[in-house]
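Two complexes follow with chain A in common, the first pairing it with chain B and the second with chain C.
This part shows the complex of A and B:
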């Protein structure tokens, strides 16, 4: 099936909505870690599900995953939010939050789950507010630890044909910390988004 | 007197949203820059009275624009319009000489107040 891409205007508008949502998440992260968070321009694209892994690998520019956290969202617009931390992600967060000494595996995972939950909530609530839809979430769960991206985003795990992919990323000044947050939404949620974007564009 | 204005944002949607929020009847000659490099080129060429500057842009970001302006010009009037609302982002922009910082999405009343405060109305 050929996927209908977003128009240039739709994609530009959605990118700006994502930018505003990312800004709020960046502020939450910056408060949590008491550090300046470097934000980069969000990316928005409609992809065939078979190409999701390659597209994400290209965007994230980091095939190596430390830990990936998954959270599903619904109901009007539904999809999956995947937060990918670099291999040093947990250690960096623990340091900044003042945890001393070695953390056990379960403590590490707890820390990453909490951080992902904060980021996903801030990004999606920011998007939802602007698009006038509310999200509900499943609790975050660990999707993978030290798994190659290709395996993580295996198309067979998703029962969709195409997806809207929004990628935002956060990194910290003077540290190796990076975190990518991806949201994937199936084609039927895309219809709602297209309509909302068109209305916003008409209002300009 | 007409105020010359440069609006720098990588999003056309954001630039149009800002234009829609400008005070009604404000006498301004507005030009656009779609990234940091165009903002710098446009500033050097026309030295506008006012630059509305986004921070999160590809390649040359808003902080780099401010830094370059501070090296090249003695006076530059910049109002940052940004979604990056971390207190440290505001602090950095202010240190680099920005007059004011307005968060996105822009509130018309806030924008009008800031323009008035700095004598642009």
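This part shows the complex of A and C:
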């Protein structure tokens, strides 16, 4: 039988924390990029390994073909954040990230890595603050270039059974730029989250 | 002993100066507040020269706009940032550690930018670590180069350096699908050196090989940019011609035959004249699959051989009743 990684109360509490975290992340990203940044209401769900490819491919407004950057975080909660860009990458915001002139392949990749890094950091640091923990990050790396989203994660290569998924859309309307961030934490690394949420629920 | 003054372990300043990583720290005004020995040794600027001064004043060659935005993201988001040599070969242009064995123009670097918060919880400093990735980058480049070579070898015929049969077949499938999806034309030429066994038996195999290489060179010189030529096997060659009908393929064939007549093969002092037989087929609605295109060209080639060799036959010009006889 499957054990639900989070109870309904825990899920609700986490959704609440994620909402607050996104609000803050949106503000600091807006300041950094000197533009109005919109972060969607985060979607907190549990996903089975067999469904993860479909879940990624069916995200709201997701491109069919995408370029993705991955980055791991640790230590209280271990997981990976995957940031998915459309086929155009993030050229639209190159100048806001301090890139000048023509973008070659390397510069374009660096821009993807830089952008993914600040989004992941803003969102997860916000969440970490809410849960009184500090995340550390590995350097980001390119996971896939112009690949059908369905093929981004292959269940056969994954050794977890279910994971907590927090999905956020990030957009910069004035630049016509949008991207998606998925934070996946395998079931066996959720102890800290469960404990923290329980303590919060008791304090209510 | 002087080390007794250290008690249990050496002071942190000593470790910071002896760790084999570049370390420096800047404050919110981009003033350098720490510059370790790795940085001093490689940059040629001592801590005394750098500390207390603005980073960009001391190193005007740094990509200021991008680096400031990077540092700003660390101050503002309290978030580490990174650079990797694969995308940005270096932050500081330092001499590399391979002055003799070479392979790079300067030290390849991975960098991390870590926030350091003060008592109030605000990020007061950013600590930048620089890792020397020169050796790893050279191994990586070699690996990539080997991979490129293997990919090239896997699609080429070793003797003529034209594409091999496997690659030709893959191209044929791709082009067939493209025409079926978007429309357009596609022709295939199969050609064969006449009396090749006689050439081998008379002049020897090395001469036979020279003829194959010579023909490959003629094909290469007469192809258009989108044409794909390969050795199909033995003395048989195939050409895949996108955006070309059988008439266009016949024109190309005449050019090739003309070149062969003008330039016979030579092996040492021996001139080896030779001729080819050619079969041409074009993609029509009646062709069900890519293999059929090759089969039709093969049948036309068979006709060309039967006609006494040194000739060209188009599959679409073989009379229908004639065709049913031979099947």
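The definition used in the following text is that the second predicted complex is superposed on the first by the 181 of 204 C-alpha atoms of A that agree within 3 Å, B and C clash if a C-alpha of one lies under 4 Å from a C-alpha of the other, contacts with A are read in each partner's own complex, and residues count from 1 in each chain.
Everything that follows uses one rule, which is that a residue touches a chain if its C-beta (ideal position, glycine included) is under 8 Å from a C-beta of that chain, and two chains touch if they have at least 3 such contacts.
This is a predicted model, so every value here is computed, not measured.
Look at A:16: by the touch rule set out above, it reaches chain B but stays clear of chain C. In the superposition on chain A, A:130 contacts chain B only, with no contact to chain C. Once the two complexes are laid over each other on the shared chain, residue contacts for A:100 go to chain C alone; chain B is not touched. Look at A:26: by the touch rule set out above, it reaches chain B but stays clear of chain C.
Contacts of A:40 after superposition: chain B is touched, whereas chain C is not reached. Contacts of A:201 after superposition: chain B is touched, whereas chain C is not reached.
Across the interface of their complex, chain A is touched by residues 65-70, 72-73, 76-84, 86-88, 110, 112 of chain C.
Residues 9, 12-13, 15-16, 19-20, 22-24, 26-27, 30, 36-37, 39-41, 130, 200-201, 204 of chain A are the ones that touch chain B when the two sit in their complex.
Of all residues in chain B, only 10-14, 16-17, 20, 56-58, 82-89, 92, 103-105 touch chain A in the complex they form. Of all the residues in chain A, the ones that touch chain C in their complex are 28-29, 31-32, 97-100, 106-107, 109-110, 113-114, 117-118, 121-122, 125, 136-137, 139-141.
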